[in-house]
Every structure is written in C-alpha cells, then in structure tokens.
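One structure, pasted below without further comment.
Going in written order, the chains are labelled A, B, C, D and E, and every chain counts its residues from 1.
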Amino acid sequence: MGAQQTGLLRKPWFQLTLALVVVAALVVAPLLLPIPVNQTLARIGVFAVAVLGLNVIMGYTGQVSLGQIFFLGLGAYVTAYGVNSGWNIVLVFVATVLICGVAGLVVALAAARLGGLAIAMVTIALPIIGVPLAKRLSEFTGGSQGTSARFTSAPDWSGLADDQWQYYLVLAIGGVTFLLVHNLVRGKYGRAFRIVKENEAVAGAMGISPYRYKVLAFTIASMVGGVSGFLYMVVVQYTSPETLAFHHSISLLASMVVGGAGSIIGSLLGGVYYVLVPNFTNEVAPTLTSLIQGAILLLVLFVLPGGIASLPRALRRWTRRSGSTSTPGSTSTPGSTPTPGSTPAPAPGAPSEKEVSP
Amino acid sequence: MLEITDLTAHYGPVQVLHGVSLTVPEQGAVGILGANGAGKTTTLRAISGAVRAAGSIRFEGRDIRGRKPHEVAALGIAHVPEGRGTLGNLTVKENLHVGAYLRKDRAGIQADIEHLLQLFPNLQERYTANASALSGGEQQMLAVGRAYMARPKLLLLDEASLGLAPSTAKTVYDAIRVLREETGVAMLLVEQNANLAFTIVDTATVLETGRSVLSGTSAELKGRDEIRKAYLGGS
Amino acid sequence: MGTLLQLVVDGLALGSVYGAIALAIVLVNQSTGMINFAQGGMAVLSAYLAFTFLGLGVPLILAIVLSVAASFVLGAVIERFIMRRFMGGAEDTQVVVTVGLLTLLTGICGWLWSYNNLQFPSLFPSSAFTVLGAAISWRSFGTFLVIAGIMVLLQLLFQRTKLGLALRAVADNRQSASFAGLPVGRLLMVGWGLAAALGAVAGALVAPRLSLTPGMLDTTLVYALAAVILGGITSPVGVVVAAWLIGVLENLAAVYVPIIGHDLKIAVPFILLFVVLLLRPQGLFGRKTVVRV
Amino acid sequence: LSGCGRSDGGGGGGEGSEGVSASPGITDETLTLGVTTPLSGGTAGPGTCTVAGLAAYMGAANEAGGIEFGDGKTRTVEIEAFDDTYDPQKALSNFQQNNGNVFAFTSGLGTPTNRAYREAAIDSEVPQVLVQTGDPIFSDREESPWQLGFVPIYQNEGEAFGELLAGTDEDLTVAILSQNDDYGEGYVEGFKEAIAGSENIEVVSELTYEATDTSVDAQLTELAGSEADVFFNAMSITPLVISAIEKSRELGWSPSWFLPSNTSSPVAILDPAGADAEDGFYSVSFAKAPQSPAYAEDEDVVAFLENLEQYAAEYTTTPDFPHCMWSYMVGATLEEAFTTMTEPTRENFMEALRSIEDLQAPLMLEGTSVNTTEDGQPAVSTVVVQKYNGAGYETAESFE
Amino acid sequence: MAARLTLTDVNLRFGGVTVLKDVGFAVEPGTVLGLVGPNGAGKTSLFNCISGHYRPSSGSIRIDDAEISQTRPAGMSRHGLARTFQHPALQLESTVLDNVLLGGHTRLPGGPAQWALRLPPMVRSERALRAEALGRLDELGLGWAAHRGADELSHGLHKGVELCRALMARPQVLLLDEPAAGLSHGEVDSFIQTIHGLKAAGEITLVIVEHHMGVISALADRVVVLDHGSKLMEGTAAEAQSDPRVIEAYLGKDGKDSDGGAGDDAA
C-alpha cells in the first residue's frame, strides 16, 4: 500500500494536481477559519521560513549554526526601524533582506574558515552577544523595552481583516521564499552544498570551493533569516532583545531536525512544530511545558530519527519489510545504519549480470 | 571449525545473501571468490555479527548467529574489515593495543608488537603517528596487524591485500602463512587477487549474487576455465 | 594592582565552574564522539539528588557520594535507552536529542523541586583568606583544587589506562572496536556513566555558588562549550586551562577594556575562540586530527 | 467557542450592539482570567509566583462561595495560566489564542512579554491589567487604555532610596550595580533624580551586569575599589545578590546596602548570604514578608500561606519570590473591582478597576495601598523603606 | 610537443617527516603515466599536491604553462584537472546519479540567483548533464545503479562510480588513485578497455597510481617509480619491472612472478 502511494506520489501530473489543491486550500482557508487559527497559521509561516534558512546552512551545507535566530532578530529590528522611520514598505523589505545578507556575509567570511563544532561555537556568539548589543544600541532598538511597529493592518480596499491580511502577506512572501530555496537546492547548488557537508576534500576536487560555498550558504541563510524577521514583524509587530535569545536558536535547531534536516517539507513541518508544541503543552499543563516538550522531542526522534519528513520513507520501508518473508534483516551493530534509499529493482546484482539493467 | 549453512541476509528491504554455505575446517584456509557486489563482504560481516542474518553459523560447534560482534571476537574470531577499518584518531601503537584488548599477557603483547613492526617497517617508522595520517597501504597493514594482535583462532580477511604493494602483499601473505603454521589459526579470506589467494587457501567457494555456486580445492578450481577467466587471468 | 590580582583570582574561580562542566563534556565526547548539551542539565539533576539526600538527613559528603553513584547509573541508563538509538546516525540528530534531554531534565527538576532557588551547602567553609592582597574564598579554592585534580585524573585515564584506550577506540570507530572484541555497548554506557558522575561532582561544587535552580548551568554550558573547543576537545588539561583563561580574560576585559565593559564581556570567550581557532584549528592543546583523502 | 464565524478584526465574542451582552470569558456563574507568564526557563521562579498568589486568593474566594459582583450575580473566578517562557512572541500567541474565552489578562510577569501583546490587547479591547512590570507605559492611560500596571514603577523604588539618602546630612559616596535592562535603568534613574539636588551624595562608581551572567565577582571587585559608603543595588537575580553580599564580605567592603523589593527576602537571600545586620541592609517593600519572624503570627500571612498550600500547590507553596505576595494582592484588587462592576463587560470592568481608592489589600504594609485613580501611576505606587534587623525587616524612618 | 603536466623538484614535508623529495617528471598530452612505488612512498601525497589538497613545501607544478602548485583544489577544474580518490569518497546519502552529476558541476552555467529562479537555460543544462551522466554510467556498466543510493553499492562498484564522476568534468588531465584495487580480474579487464576507449576518444592525459602491475603494463606509456618520497627511476613499464632497484624496493624478489599482480598478460 505504502509503495503504491509513493509510486503515485512520483507521477508529475499527480504532484502538480496535489500542489494546486494545496495552494488553493491555503488561499481559501483564512476566509473560513477563526481568527486565532489564522494567527497561528501565519506564525507557523514565520518560523517555517526561519527553519528554512537554518536548513540552507545546516541541513544542506552541514555547518552547525546556532546563530540563525540572530538574523531573525536583526531582520525584525531593521523592519521595525524602517517602518518607524516611515520608509516605503517595499524598501523596508529590501533593506531587511540586504542588511541581513550583508551581516551574514561578514560573519561568514570569518566563520566559514572554521568547521564542525567550532563554527557552532562562533555562531552561537551571535545571539549571545546580540542581546546585550541590542540593549546597548537603544537608539535603534528601543533597548530592553523593545520596539513595536504596526504596519500590517489590512488596507480598506482589501476588505480583509487584519489576521487574514497578515496571513496572506506571510503566505505570499514565505511561499516565494520557499519556492526559491526549493529551486536552489534541487540542482547545481544543492548538490554542491551537500558535498561540502559530506566531504570538503571531494568538493574541492569537483571544483567546488568549500569556503566559498559555505559563505554563500551562510549568506543565503541570513537573507532567509531576514525574511523571517520581516514576517515576524508582520505577525508579532513587536520585537525586543528577547526575540534573539540564543535558546530560540536551539529551538529552531530542534525544529529543523524534528521536521527533517535537509528537506523543504521538513522546514515547513519544523515551523509547525515550533509553533504548535508550545500551544499544545500550554493546553495540557502550563506548569510542565518544559518536561512535556522535552519528552515530545525525544519521542518524535525516537520514532523517526530522520524527522517527520522521513515518515513516508519509514512507512515504505516498514511495509516492504513486513511484506518480505524471511527474518527482518538489518544491521545489528550501532555502527552501521543502512539508509534505505530508493531501490527500484528487487535484487541487486553484479554489473556483469546484464539482466538487472533496466 | 566454522560451518555456515544457508545463510541469508538483508540490507533494509534488499536481500543480498540468498543462501551461502561453506565450511572452514580446523586449521584450514578457505577463500571466497566473487565479482563486485556478490556478497563476499556481507558474508564475513554476517559471521562477525555486524549484519543480522538468517541461516546457521556454527563456530566450534556452537551457534554464533545473532551474537554481537564483540562476543564473536571474544570467541576468537578476528575480522580485518574491508576499507579503512583503522581507528584514525589513535596512534599506530594504540591501534595495536586495541587489537590486543582481550589479551592479558603483557609480555606476549609486547613481543607480538615487535614482531609486527619487523614485518611492517612502515609501521615502525610511523609508530606514534595517528592512524589517519598513514597511507592507504599502511592503514591496511595496520588493520592486518591489529587482527593479528588478537591472536585469534579464526581470522576473517576481507581483501587484506587491497592497496598493498606487490612485495608487501607477499610479505603479508607470508606472514599469514607463518602464523598459520605456528599457531594453527584457521582463516576465511576474501581476495580479489586470486593468484595470491591460491598460494594460501586449501579450498575456495565462489559466490554469485549472494549464492555459493561452486566450491572445491584450489587445484580443482584453478583448473576450471571459467574460474581462470574471471579471477585468475590465465588464458 | 590589588584589583588586577583580585580579578585574576575571581576569574580562576569562575573558570573552575566552566571547567567542571567542560570536563564532563570532554569525557562524553572522547568516549562516544558526541557533544552532550544536556551535560549541565544532568549535573543539575545530580545536585538535586544530593540535595534530596541531604534533606533525608544524610551528611553532606555522603549525600554527594550517593548522588555521584546514582548519577553514574543514570548516565549509563540514559545512554542505553535514549542515546543508543541515535548512535551512528546523523550528528545533528544526536545534538538535538541531547537538547531534548536537557529540556526534559530541566522540566523534571522544575516539577519535582520547583523553580525556586534552593540553598545547597558548601563542602568548604564560606570564609576567605588573603594572599598578596587578593581575597580567596575557601569555596573557590576548594573547587579549583578539585577540578584540577579531576583534570589530571582524566588525562591519565585517557592516556595511560586500558579503559581510556578502549573508550577512545569506541568513540573513534565502533565497528572496528567491536571487531577487536571491545564490548561497545558497555563501554558507551561507562563513558556516559563516568561523565554523569563527574557532572555530579561538578554540580555539588558549583551549586552553593550559583544556588540550585533547574536552569543553574544553562549559561555555564555555553562557556563550557567554548572552553572545550578552545582547549581542544581531546585534552582534559587543555580544556580546563582554557576555562581558566576564559574566566580570567573576561574579567580583565570587562574592567580594563571600556568598549567591552561588563555588558559585553560574554563576547570575550568567543573572540578568543575565533582568533585561536584561525591559528590552531585543533584548539590550544588538542591533537591535530589529519583528514586524509 | 465564542462565535467561530468571521468577525472583522478585533474582539471576538459577543460584545456588540446590545451593549449589555456579556464580554467573552464571563458568564453568570464564572469569570475566567488569563495569566501569560514564564512558567519554565530562567524566570520561571518569579513567573510561577505570579500565578500562585492569584490562584491562592481566587481559590479561597471560590471556596467561600464565589465573589458577588456589582451586578448582583455571584461568580467563581477561574484562572488559566499560560507559559510564555519570557518570549514576547509566545506571550502574544497566548493572548491571541485565548482572548476569545478569557475575560481579562492579568498578573503576568515581564516587560517585553507584556509589551508584546499590549497593542493587540488595545486593538481587541481586552483588559491587560495589574501586570507585574514596572514599565511606566502600562500606567499611561492615554497610551494604554486597556492596561494598568500593578507594582510600583521601577523609578518609584529607586526614588524611595534616593529620598532616604537625600534626607541625611552626612557626606556619602554611592556605588551602583544595576541590571542591564529597563528594570535596572528605571531603578537608577529614580534614584538619581531623587539625589540630584543633594550636594552631600556622590555616585562614585556605576556598573551593570547581564541577567544571564553567572557571576558578578568582577563588578564587586571593581566597585569595592571605590570604597563607597552605600551600595545601591538594582539586581533582580537571587543567586547573584547572594554572591554579591558574600563577595563584598570577602573583599572586606562593608557598605550599607539598598536592595530592591524583589531581591531582599531574609530567608531567600540575606540568611544564605550570611548578611550581617550591622552593615545596614535597606529595602523597599509594600508587602509583608511571610518568612519573616515578625509576621509569623500575622493574620494575613497565615491565611496567605494556607491558601497557597491549598489552592496553588501546582504552582508553588513556598513564596520565595515577592511576586507570590503581589499576585495575591492582585487577586484582592480584582475582587474589589468585581464587586463594583455593574455590567459583565470589559469596559465596565476597566471602569471599576480604575476607581479603587486606598484599598488595603491583604499582606500590604502599613503606609501602602492600592490606588488606581491616578494617571501615570500603577495600582501600587507607594513603597516603604525598611531596614533588616537580623531576622526580618522593620520600617526605617531615616538612613543611619 | 610541450608536456601537459610538469613537476619540478616537488618537496613535501609534514612537521619532521619528509614525504616527497625533489620529485620531478613530465607527462606528454594524450599519454598515460604509471606512478608506482611501495606503500607510503608518497604517491597519493603527490596526487594531493597536484590536485591542490596538499601544498608542496617547495617546487613547481604546471599544467601546460600555468603554475598550479599554490592553487586550491577548487581552482583545479579551471585547468582541466580531475581526480579520483584511493579510498572511494562518494556521497553515500545521495543516489549514484547525483554523485556522478556532481562531477559536471563546473560545466553548469549560472549563479545562485539564476538557479533559484530556475531560468530555462539552467533547466536545459541540467537536463543535458543528466542525460550525459546516464550515458556515462551505461558505458561503465553501471546504468542499472543510477537511481540507487550510493551506500547500497559494494566497495568495488564505488570505484566505478568515482571514475564516472571524474569523467563528467571532461578533464584534460585525470589522476586515478588505485582505480583497480578491489576489482576482480574480469572487472580489471573492462576497466582497461574503458581507459583505452578514453584515450582513443580524445586527448586525455592520465596519471595512474596502481599496485596492479597488469594494469600498469597494459596502460602506461611511461612509468615513474617512487620510493621513500624520491623518484627511483622513470622508464617504460617493462624497464621498470626489470629494474633491479624496483624489484628490490617494490615488486619483491620474484617480482616478475604472476602472483605479484594477476599476471602481466592482461593486455
């Protein structure tokens, strides 16, 4: 059953139809749903974009970044500053993305020389230093009292309510961001990012400079982070130093992995996780949120170490395995985890056996 | 000593062994031949418990299928894995001591290490270097050396001559032969360099897509045309 | 001059706190190859355990010993039933699992012992003595000594003992280690157990100073990680020295470098880290690992 | 729950043309209050207290049959707490998710978190009252029509100390250590304003620290160098205050201490730090300290502790932070407003809340009271300066 | 004819260890150089120097007229250089096809913005590269594996995929590090055919490190023997195999014996 489903999933016409249905549903939904739901959906969009940015640098390029929240925060501050200074909103958006991009570039030029954990430690410094810095630069940031910018009340011509308008803004901007990143990681650059993640020496031999591609990925991630900051202001309309506290970076990281590292759908699921789990735990027991959230995180990963996005793959493997007759086989030592991968032909064979070539 | 019957194994959903049977007699040396992807490595890994398998694997009369690799090792089976099995962040010296982990005789360990270093002068030179700095061939020597340090009863060699210079390969095989004579260790070896393999094995089994399709003594096999063509290069 | 010396002394005391957690992180890393973000959380839990034993009327030193023992078991159990599942998987996932563990442990501590500040008694007298005009509290001095002692022990463990060698071998390549007969699973548990026990000592040492709360070591963890990277993750001595260095330099920078000041002093370890790593990617004392192609 | 169909923009719920139809969150039997506050994370200690006291108060009121409202109906009051982990975004989310079934938000801790949903609360006309932040904006009626702060604005507390000092004739030097945020800044600002005209008071050293710091030893070492007579301390982190007291003793510096209201508890801070009453520890307060032996027999305190035990056990039973007492007073203040509101609407509630004068809420110190009629001031704007006597605090008339 | 790849006096030291000492040779365009020597002689290190993964302590390395000894690996493709690795270094989580496509990275046009927008030229070039990669895989008999995960292939097959990946760069100079290690005899034969085919198809210059003397004699126009980091001799395969120094240092006393490397009659 699982296999048939996924077979269907691969067909282009099916994918297209599915995509259209999803888009249509997303467009119509806010007109029907209650306000809090729309607000939640919009917030999911914000953090999905933030997770997406993290995925670019970490999920795809393998550079552990604990600084992604800094770019969300920076983006939010730039947006707030621009709006409060009365700039045109398009200009605000462009400035937000550019400033975050430039900041990311500068950081990356230095940080990308490091690898592995070292880069994690250097990037974690961004939010950690960012918080006191934001307080110190209070002329721009409003200091520890934060700053609010309200520019997303629905215009009269639209006939929409604020929550709907904000939702559509997030949908449009976030959707385009997702599409662009999706395109980027499919072809030339996606492959390059992945090999930089896996083996820098090989990347070099393929004409891919690990350093330059890390800088590139970091810059793109920062720009996407900037977009998420802009969207944060669309939805939250207020920012303070707490926005970029480093433990949010860690939550983003957790959301990315729970959603599925190196996966576009995973980013979206990561956003869902980021927003809904606290809502859920608040419903269950507000005094035990930390405990429950930790348990949920462990539980999800225990069941799906590859993140929620790996569910179809896991299902496929599971159905296949229960279909096969002999002992379920898998490596027993922790050392080797065979990744399932897609295997069209039933039996592997040596190349000398021509019968296996399709 | 080792008796395998009807071994099957999967990687995830894919079955790669479809019934492998072979026997290694006490103090015997058996070779496994086969094309790339035939399942040679998988067979050895199944014996050491690194891959779960169905069928029967008996060692010295005991069923060892399903045991953990370290339990299998504790029974006296040492495995030289395919590719870089060395512990990269440990020095050559430390790698050898890890090999001797289950042994208690300090003096014997020291003597064996000295013996090995004589055998492989390269390792002598790089004795305190991290294994990851070694050349491909040197790492292979180290892997063989580490298995040797365990003083096993049965040695599983997966392409032990891979990447070794011809003279070194011969040294290794000479050493293995000496080891066998001295200690009576039995061995099961996978070797693409069949010419080299036949200098040491008594019998061999040919695998094709996960099945044993042929076995016989070295002499018999060497005499068969298809074997010569595919594995020996003799015309 | 007096102030300078005092700042150095303060820095060493603070650095010892960072060093304590850093050592536990090194221990886990050297024996399982992971970075454990939950190390601080585990140490806090251990401190709560000791606190609970105290509440039952057990003398302080015995309470600490009991909590160390319990923590060893707890660490081993966590490895076996949680971390084991993720061995050999993606590193990102492993890190996030430890993050999840941290969240869970913090939640458990908050639930069982509340978020209030609990007063944990110190092993050492709360008085101070003066050397060259610098006041040194017995508590800081004691912590300093214990950490230095553990550092030496760990260095010896890894470099001189068979257990240490086995732990490192398992962290390096589990498959090969198991082929050599190393009981991989058990060694992994021992690695986590030891780290948790060490964390328990650390927790008991720093709890009187930071006062016991579920998030007591959250900030410390960041510093400890910085020390781990700065010192070189393979070297217990390096890590502790780096922790002391961070403690001292951050104090000095806060007072003597106006643009940094007390509010931005947290930038100091990172600037230091960055500069050092550019010159020595393996950290101050770490062994260079060769990446060969 | 309240109409799921689309309504444009704000409010939700049934407030509308008829005027008297009830606001969301209130029925003839119950009224629901929302508290968004940190219940996990670094500020969970005081955060938990902001619910605990309120839960204790309302629990007792409900147990006694409920509160009789000004419209003649008797209602029980339910408290819904939401954890925002001190994250502004989550505070807003909690507000948005729940403003449809919560009558008013109250008692929550934190400046950024309260600010994050302030404007949304104004837009949707939901009361956000008696919140526990000293940020003055919440008491500015022009800017914050649906808000009201509870605790004195930070400036007020600082000012009280400043006035105490300004009242002496001695020449005194002052060292200042403050938290690097609006809390510390407001505190210092109030203090400095009060001493501005006094020639005899001189600030000789002034430093800050971060709320996330693990140590203030370096600051103490630097401040001790100034050998100031008075140490004005605007810290809100318990362990850091303890270690500051210890450190200054180690360094042989024994100034007089000014401690803020939220970090001066004898049991939680002064005892563990081994504070010597001889040094002179001053604090400001408007709440009785339940752990202080002086109040062991006090009626309010006894009732408070009992109620806490009985109705707030899921939050905390040990009032280590003054926020527990404050939220208890919030409960009393709300009750006062409820008894005078004549319509079950939020507007009417705001009106009632804004007309409380000189309410002596339980646990309040003599000389302080709840007063909600003055623009620009929170519900409590007076504090009493107290001095530590080795066991508890007693009111201090002057600085000595 | 000018040499395509020229090394002069290349030295490489790591701390106290000298890995390469004054190594120099030249490779003519379109020819195959066999690089042999005992384990640890420095063959792979020499490759690493040429491909930029190691920076020689001194000496010069040129491709045509360009000095490349200070160029980083990523810059080498501009000089038409590609290589394989002694220990196959594939991206195990991707498919075989994706691995092979990676080899053509530098041949794809456009920057990140163009790719993010999926402009038609990008789509076309990707499609063309894909077709080419599938063709290549078919040629090497690996077409059946194109959509498999790389981790599903055995060690020997990884070697083939690596070769395919290197070829996708359409290199002028190709460095192969023990391409036949771990191949059975029949597979070695087909590997030799593949290289012959390459040579016939166009001007590609090859340097091959191999312990398999059969491969060397079948393919190498010239042979350089390294020992302890220095060049021991240079000549034809036959000369090398009969050189007493080479026999002593490398092949072993009875080096001509067939067991040294599956016979020398493979051609």
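The definition used in the following text is that a residue touches a chain if its C-beta (ideal position, glycine included) is under 8 Å from a C-beta of that chain, and two chains touch if they have at least 3 such contacts.
Labels paired with UniProt names: A, C = Branched-chain amino acid ABC transporter permease; B, E = ABC transporter ATP-binding protein.
Because the structure is predicted, anything quoted here is derived from the model rather than measured.
Enquirer: Let me spell it out: compute each chain's centre from its C-alpha atoms, then which one is farthest from chain A's centre?
Expert: B
Enquirer: In terms of C-beta pairs in contact, which of A-D and A-C ranks higher?
Expert: Taking the two pairs in turn, the one with more contacts turns out to be A-C.
Enquirer: Where the centre means the average of the CA atoms, what chain is farthest from chain E?
Expert: D
Enquirer: Report the inter-chain centroid distance for chain A and chain D in whole angstrom, where each centroid is the mean of the CA atoms.
Expert: Centre separation, chain A to chain D: 38 Å.
Enquirer: Once you find the CA centre of chain A and the CA centre of chain C, what distance in Å lies between them?
Expert: About 31 Å separates the centre of chain A from that of chain C.
Enquirer: Counting only Cα atoms for the centres, state how far chain B is from chain E in Å.
Expert: 28
Enquirer: Between chain D and chain E, what is the separation of their C-alpha centroids in Å?
Expert: 73
Enquirer: Identify all positions of chain D at which a residue touches two or more other chains, and write them in rising order.
Expert: Correct list: 40-41, 48, 180, 210, 212.
Enquirer: Could you tell me which residues belong to chain A and also touch two or more other chains?
Expert: Counting only residues that touch two or more other chains, chain A contributes 132, 135, 199, 201-202, 205, 247, 287, 289-290, 333, 335-336, 338-341, 343, 348-349, 351-352.
Enquirer: Using the touch definition from the top, which residues of chain B touch two or more other chains?
Expert: 11, 14, 35-38, 50, 68-69, 133
Enquirer: Write out the stretch or stretches of chain D touching chain C in their complex.
Expert: 40-42, 44-45, 47-48, 180, 207-210, 212-215, 217-219, 221-222, 225, 238-239, 242-243, 246, 249-252, 268, 272, 274, 316, 318, 320-321
Enquirer: Which residues of chain E touch chain B in their complex?
Expert: 14, 36-45, 86-87, 152-157, 178, 181-189, 211, 213-214, 249-252, 255, 258-263, 265-266
Enquirer: For the complex, give me every residue of chain E touching chain A.
Expert: It comes out as residues 51-53, 72-78, 82-83, 85, 89, 91-95, 98, 101-103, 105-106, 108, 110, 112, 115-118, 122, 126, 138, 141-145, 147-149, 151-152, 157, 160, 165, 169, 186-187.
Enquirer: Within their complex, state which residues of chain C touch chain B.
Expert: 162, 165-166, 168-169, 172-173, 175-185, 234, 287-292
Enquirer: What residues of chain B sit close enough to touch chain E in their complex?
Expert: Chain B reaches chain E through residues 11, 14, 33-38, 41, 82-84, 122, 125-126, 133-138, 140-141, 159, 162-171, 192-196, 199, 229-235.
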